Structures are given as structure tokens and as C-alpha cells.
Amino acid sequence: MPIVRVEIAKGVATAEQKRAVIRRMTEVLVEELGRDPEFVFVLIDEVDTDNWGRKGRSLTELWAKTDE
Amino acid sequence: MPIVRVEIAKGVATAEQKRAVIRRMTEVLVEELGRDPEFVFVLIDEVDTDNWGRKGRSLTELWAKTDE
Amino acid sequence: MPIVRVEIAKGVATAEQKRAVIRRMTEVLVEELGRDPEFVFVLIDEVDTDNWGRKGRSLTELWAKTDE
Amino acid sequence: MPIVRVEIAKGVATAEQKRAVIRRMTEVLVEELGRDPEFVFVLIDEVDTDNWGRKGRSLTELWAKTDE
Amino acid sequence: MPIVRVEIAKGVATAEQKRAVIRRMTEVLVEELGRDPEFVFVLIDEVDTDNWGRKGRSLTELWAKTDE
Amino acid sequence: MPIVRVEIAKGVATAEQKRAVIRRMTEVLVEELGRDPEFVFVLIDEVDTDNWGRKGRSLTELWAKTDE
């Protein structure tokens, strides 16, 4: 009955890519832990780059200069 | 000083229903655990159905066919 | 398909009380939002009082003086 | 490699204030725990006041009367 | 820079299985979203079966009867 | 009424250091956002190094070789 949460920056994944993440993360738990897929949940949280910081700066600032 | 978080799919609750959830979840913790309601917090997170998967598919896909 | 998480301080609830919280939180979502109980999940997280702070002090310190 | 999450009510912080929170929270973990800032993450979650309850009422209702 | 959290019931995964979950969840984000593995984090939270409820009962109770 | 959660690897902070983190994280929210300290909560979650992965390996494995 696992629950998976994935936090990614807003804008890095299309709807198609999010579907692939949901499908494959579920497979990992079915194949590696023998879980019933009926009860495997995957939630994706897309975080605004103003609201995600690394080394003291927001991703908005960091990504203005480099590509992560 | 409990904190409750409720994740529901976006669109399944009206503002009125969310108020009822907040009120009753608080009552549960006051009545069952003797907590001071002043310090009982309830946060509701409404998750886009594209971003919530079960058995490897998004709720958007699953709910297009059935009613959960 | 809601997921409820309840954070409480470690030691404030017995096994019996936790069962009551699980049962009643589930009822709230069934009765107020019409959710199917088969897919209502409640997770309880018991946090050490050294690891929970309010107004800049840990609950261990705060509760040494008063009863919250 | 710490991860910090900050939940605040939507509307209480400007972009400028959020940048200050990210910068200073990172400093706390670098200075107090000796963590490498390269791997200190801060995520801010701005919660709608309809979706945040205290003492059984939403912040929308509570703040209509008083100032927290 | 994604963060993945996996909640599973305590006891369903060995150390070996948890390593496989970490490795494969990381691969999913690298392959599907093009993320840099250096900044892909996976956290596993093993929840006591007394503290995880479904349909109003704890997993401890549910699993005493059936196999999920 | 902010809630702060800090996830750190188990073993990187003493009780004394955790108290400092709680105190200073609270100060950040009081000073930068003007929040009332009475309602600033800080929760620290200490994650086992077997349960925290980066670049597809657990911290237990990564730290056996280098210092993060």
C-alpha cells in the first residue's frame, strides 16, 4: 500500500512525462517489493521555482545563470 | 499540538465541505486525544488529477472510465 | 482516495486511541466528502518531543514547565 | 543534505521575503549543523487560507475577525 | 533536483530491496525527465502498521486477517 | 502560523544542535515574515542513512567512501 510523492520544479515535465513517471514508479514498487498495484499511489507536486531554494538562492535565480 | 494534512483530488470538495472537514477532524483530536483545539491545525491539499496516480495511471485517466 | 496524515507528539496517544483516530478520521471523509472507505488512508506520525518546537523551544522544554 | 519545507499562508510573504527566508534558513543549517550549502534545499509551500484550519475554523474565517 | 518520498509499511522491504528502490526511482527521473542524478533524492519512510489505516482499521488489524 | 519541517540524516545533529535549529528557524520567520512566535512550529525528522538516497545510492553507501 505504498505512497510515493515526487517533488519537481514546475515546468520540467509535460503531462506525457508525468504519466510515464507515474507508470514506472508504480512498476518499481510492484517488481521490487511485490506490492499490489491496485494500492500503489504516486503523487506529483510541481513546485514554483521561486519557492524552491538551493545553496541559499531560489531556483529562479540559479537557473537564470546556469542549467541546474 | 497536532497537525493534520488531508490530500484530496482537486474538485471533490466544495468550500463548504472543506470547512466541515476542518471542523470535524479537529473535533476528533479534541475528543479522542484530549488536545487543545487552539493548537489543532488542519491543512487540506487539493491535488490535480493529472498529478495523482493509482495502479500506474493518473486519476484523470482512471476517472474518465469509471467513478473510482 | 484521500490520504490523511496526523502528526502528534510521541506519547500522547495509546494504541487504542490511535485506532479511534483512524476510524473517526475515515468516517469524516466518507460522510462529508462521500469517499469510498476502501481508499481512505490515515497515517499517524509520532514525533519525539525533542524534535518538535514551538515559539523557538522544543516541546520537551515547554512541557517541563506547563501542560502545553 | 538537509531538506527544509516551510508552510505559510498564501499572501503573507512577498517574493523578496521568500528569498530572505530561503537564504537565512540555509545559513542556519550551514552554521549550526556544518552542512554543505550546495546540498541544502528549502521549499516553500503557500497554502490557501480556505485550506488551513485552526481550532476548527479556516484561516479565512479566523482572519476575517482578528489578526491571527 | 527532484525529491522522492516513498512511504511503505515497516517490514515489507529488506535493506537490499530498499537499495533497489532508491536506484530504480532515481533512474526513472533521470530517464523520463532528464534530471541530473547528482541531485535526485529518494527518502524512504517505513511506517509502523499500527500507525497506518485503511477503511478505518489499522494495517495491523487488516493484515491479521488477510494478505492486504 | 507557519510550520517548518527539517529533514536531516540521523546522527548529524546533537540534542543541543537541534535546539539551536528550532530557535533560529523560528527567529527567521518572526524577523522576516513578522509571524507570531507563539504559532511558529518546527519539526525535525531524522532519517536513517539507509533510507536516504542520492544519485541512486543510499547515504550509508555514499558516506562509507567520502564525507558527503
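By written order: A, B, C, D, E and F. Residues from 1 in each chain.
FYI, a contact is a pair of C-beta atoms (placed from the backbone, for glycine too) under 8 Å apart; a residue touches a chain by one contact, two chains touch by 3 or more.
This structure is a prediction, so every number in the text was calculated from the model and none was measured.
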| item | value |
| --- | --- |
| C-E or A-E, whichever has more C-beta pairs in contact | A-E |
| A-D, A-E or B-F - pair sharing over half of the B-D contact pairs | A-D |
| Separation of chain C from chain D, taking each centre as the mean of its C-alpha atoms, in whole Å | 21 |
| Rounded Å distance between chain D and chain F, as computed from the means of their C-alpha atoms | 14 |
| Inter-centroid spacing, chain E versus chain D (mean Cα positions, whole Å) | 26 |
| Sequence positions of chain C contacting 2 or more other chains | 1, 3, 7, 25, 39, 41, 52, 54 |
| Touching residues (chain side chain D, partner chain A) in the complex | 15, 18-19, 22-23, 25-27, 37-46 |
| Footprint of chain C on chain B - complex, ascending | 1-9, 12-13, 17, 20-21, 24-25, 28-29, 32-33, 35-36, 39, 52, 54, 59, 68 |
| In the complex, chain C residues that touch chain F | 7, 47, 50-58, 61 |
| Contact footprint of chain C on chain A as seen in their complex | 1, 3, 41 |
